[in-house]
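There are two complexes below, and they share subunit A, which is joined by subunit B in the first and by subunit C in the second.
What follows is the complex of A and B.
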């Protein structure tokens, strides 16, 4: 079968996911979901090599625990797409809600528009797994809190600041947050510090910018000015080391 | 600047009886803290480093070692106790939060010990479990409100109601979540062998599922906590059930923190974090800020595992535990774990360990009553944990409304733990709370497994005898059966919460 098309209108998420799983098990490589409207948990825990096009607005926890598939959403995403994701890709042609990429260990998320609060919170990395979250416009407060690994990149395509709220990277102890257009230092969280990008950092960021531009069909050239970017990293790998004493 | 506090009196004094000692050196080998050394023809001791773990006492072939507590105490005072004074000295020196090991160390009255059990006399005969069947099998998970049946043409009856997956336990005693990292692989292996042999279950904690435990995965409950360490779809599918940890009785309201120096190669692998990196579990789950969000995580876990596994939610016993549990019962969760304020831990801030939360006895009674009043007791099972010390505690907490219990410290004691409370040091001479290979090797998982299985078996036999004496032949008839309890010297307000009458009444 070339492409499986499922009309999700009025369908509960469990039968929808059952159909997706059955198709993946049968070797289907491309699935298109039409008329998606708030169904949560789409592709939760699904493994393997499959591309799923989602037309409409999927509900919360899109692709949670997912390990491998590629999801492309033509619409906005809700709460926590890519939650605790292991591997795969989520591309959102729109905005996304709170806790995008919460605790994700691997894979990539590209959101064309803005995201809500707590984006990239507690992202981590392990061996070859380095999760990536790229946000086209801006993020709300508490971006990258408790981050333990991976890269968050905010491109500020809307023309305003990438983030202008508190708690940026509080408790960050691994990974990096890269912002286009700098950051007002008052918004830096406890344990986060701002440093310039090295050549290696820039090479990594540049490839993410180009990948983002490719996904959304935009010209990357205006975004390729290194001096516009700043990098937020942990001030220490042990944010709580000075808080406790043993009895 | 010279500090004005000076050194504090040692907590213990270790002495070696020279007449008994034969200089075999076992004490020197066994003490991980360095309290002993051989000096010519005698053993010299350094009492200051002693933790009273008794490893030396247990392995001295001549009973030559004596460990005494508080050899030089402070002037006694009921208000300014040793603990209070030493916390002040510590904080005056460091300016930090004081961390401590094991569970609640304050002398609160023990409700369990103020409840007495019933036995049959004359008017109804007691039951002898040797000659009559005694049903202890316990099913954890949702029970249907009603059953829809259909009689088929051939006369057979067909069940139309779709049943939720349940865990089936041969005895209502499980082992709670202690992670790989907090305890050693051999300690986990011993307990995994024990629960497999006893037909019950244990929790993985938030440390992932190490490969050597996979043969026992059918008896493992995998935990999903706020750090999501070691959590992937493979891990979720391996567990017999999944448990979301919201809170812990030893430290309600705060997260956890495994320091980077404890994250060695093996622990890095199961937690799926880089070696040497801190493993920080935030205080809340940052994808759960409401009861609706909790329902979403419960359903997300079920959806990811195709609704084949029960999902438990563990909370610390706190003031409004009954209302919280009622919310959890409506979240699609299959069981709620109530962890009382006596629950153990490797490390917790002293103020949390000793002052935050409520006893499991009151919490379970309140949760059971609330769920029954709302007509949703069948929606969730209740698992009680935190301070279950012996089989009578199991009987009493089931009579107060629990379905099953988790034990923690008791299982470690069965492995040799002496409750010295230095788990956080990583030097456990019993091979339990350590990752140092030479210490871990001291704990034989085979022998340890037999010991823990023996404990569960012994308690199970006592459970049957206690039930039989009370004229009960099925655990179902004990559950919530408060008439089998009487309170002894408990105030009226607490009696009302427990819904238990006074002795004599």
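What follows is the complex of A and C.
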């Protein structure tokens, strides 16, 4: 079967997700959703190999818990796309709201524009599972809050700072945040520190830059200047050891 | 978790309640069917100089005469009637909503610079604290709050919200957390021209309540949002602060941010924090406040609740979700997200 097209105009998310699941179970590999507006939980928990094109503005928790599918959104995403997602990819041709990639444990998210507050909060990693969140423009405060793993990359394509608000990496105890254009140290959160990229780090970041450029059809060359990037990592594995534990 | 939405037409063009009903229903996931409400500014042009007093009566035979008597003692009622409602199978009419169009006798409050507002505020507080079975939930000029316990579309249909016209609307879909859902606990909360819708919780409620009650306001609705309406009335109407500074007083920058400011700006923020320390609101919230000419939306300073803005021509929209705004107006142009504690302000220019 070729592409399944669903007109989501006025549809509640429950029947919409039922149709998606039934199609995936029947072996459909490509789905297009038209006139999406505010439906939450699209592709929630879906497993398997399917590409879903979303036209419109999907509601919160897009692709939550999903494992495998590829979602491409032609519009803005609301809060928490990729919430606790396990595997797969979300590409947003627009902006996204607060808590993007909340508790993500695997897979990749690419957002062309800016994102809201607390992007990458509680992202984690385990063995081969390494979640990735790439933001084209900028992020708001508390990016990577309580981060425990994975990579957040902010490209500052809008020409301003990648982040200019408080609490960057507040409570980070694993993973990394890579910023193009540096960071004013006053915005570093508790337990976060800034270090330069190693050769290995740069190789990893470079492949993400190229992947981002491919998704959005832009030339990666102007973004490939290693000296423009800085890396935020945990200052210690237990940033709140003195706050919550007495030894 | 609650859903909020507001729109103001800066050219004072009116819209009926159809679009905001549709938009609010899109956020039903944010509510629990235990409270929803709307406010329309400009909905009573034929009585625009009168205070539109909306009251929930438990029983119109016993309690209404006491309210009638009090109003007649303090001014003149030019018209009063039951607010028209439709019978709906799923919305039980536990109160009878009534409206009075009232003009206070300002000679009775000779020392006040805003005697009409003082009298109405006094009457609202007096009725709500001393007349059991009567609750004033809307008391401004040329505006009306319409709220009940139910889902957004039920409450809208109950009040026939599509029949009202307003140049500014706020609406709210409630998910009660700390107190039970009831008609008076639904949003918007209103006092005089101020109406407030709110998503989140004011964890500083105790401090704020003690502070506001020291100025004569009385909290009667068992929910935190009520204090926001009174704080705005105090800061803007009685203390004459511009809306921007009032928002700064309620959701100020952190001290470390103030310490980094320069000269006069630092002195101003210092003074605001010191003067209005007890008005400062803590906790997660997104709030929209409106009066006749202005709509102001802001979040707590850590941005623990969502808020999106958008524009289309003269219309400024704010909501918890972008999709809700698009449900109201698919042709919005710039969609934006305000910073924590930074107000989005829309003012009518006509």
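Details
Criterion: the second predicted complex is superposed on the first by the 243 of 247 C-alpha atoms of A that agree within 3 Å, B and C clash if a C-alpha of one lies under 4 Å from a C-alpha of the other, contacts with A are read in each partner's own complex, and residues count from 1 in each chain.
The criterion applied here is as follows: a residue touches a chain if its C-beta (ideal position, glycine included) is under 8 Å from a C-beta of that chain, and two chains touch if they have at least 3 such contacts.
Everything quoted here is computed from the prediction, not taken from an experiment.
After superposition onto subunit A, the modelled positions of subunit B and subunit C overlap sterically. By the touch criterion defined above, A:141 reaches subunit C but does not reach subunit B. Of the two partner chains, subunit B and subunit C are each touched by A:60. In the superposed model, A:149 makes contact with subunit B only, not with subunit C.
Contacts of A:76 after superposition: subunit C is touched, whereas subunit B is not reached.
After overlaying the two complexes on the shared chain, residue contacts for A:125 are found with subunit B alone; subunit C is out of touch.
Of the two partner chains placed around the shared chain by superposition, subunit B is the only one that A:105 touches, whereas subunit C remains out of contact.
Judged by the number of subunit A residues each one touches, B leads among subunit B and subunit C. Contacts of A:186 after superposition: subunit C is touched, whereas subunit B is not reached.
Look at A:95: by the touch rule set out above, it reaches subunit C but stays clear of subunit B. Within subunit A, the residues touched by subunit B in the first complex and by subunit C in the second are 40, 60, 79, 118. Those residues of subunit A whose C-beta lies close enough to touch subunit C in the complex are 37-38, 40, 57-60, 76, 78-79, 95, 97-98, 114, 116-118, 140-142, 165-166, 186. Across the complex, subunit B is touched by residues 13-14, 17-18, 21, 40-41, 44-45, 47, 60-61, 64-67, 79-80, 83-84, 86, 99, 102-103, 105, 118, 121-122, 124-127, 129, 145-146, 148-149, 171, 173-174, 237-247 of subunit A.
The touching residues of subunit B, counted against subunit A in their complex, run 86-87, 90-91, 93-94, 96-101, 226-228, 231-234, 236, 257, 259-260, 268, 272-274, 277-278, 280, 282, 286-287, 293, 296-297, 299-300, 303-307, 349-350, 424-425. If you check the complex, the residues on subunit C that touch subunit A are 26-27, 29, 254, 257, 260, 302-303, 306, 308, 321-324, 326-327, 335, 337, 339-340.
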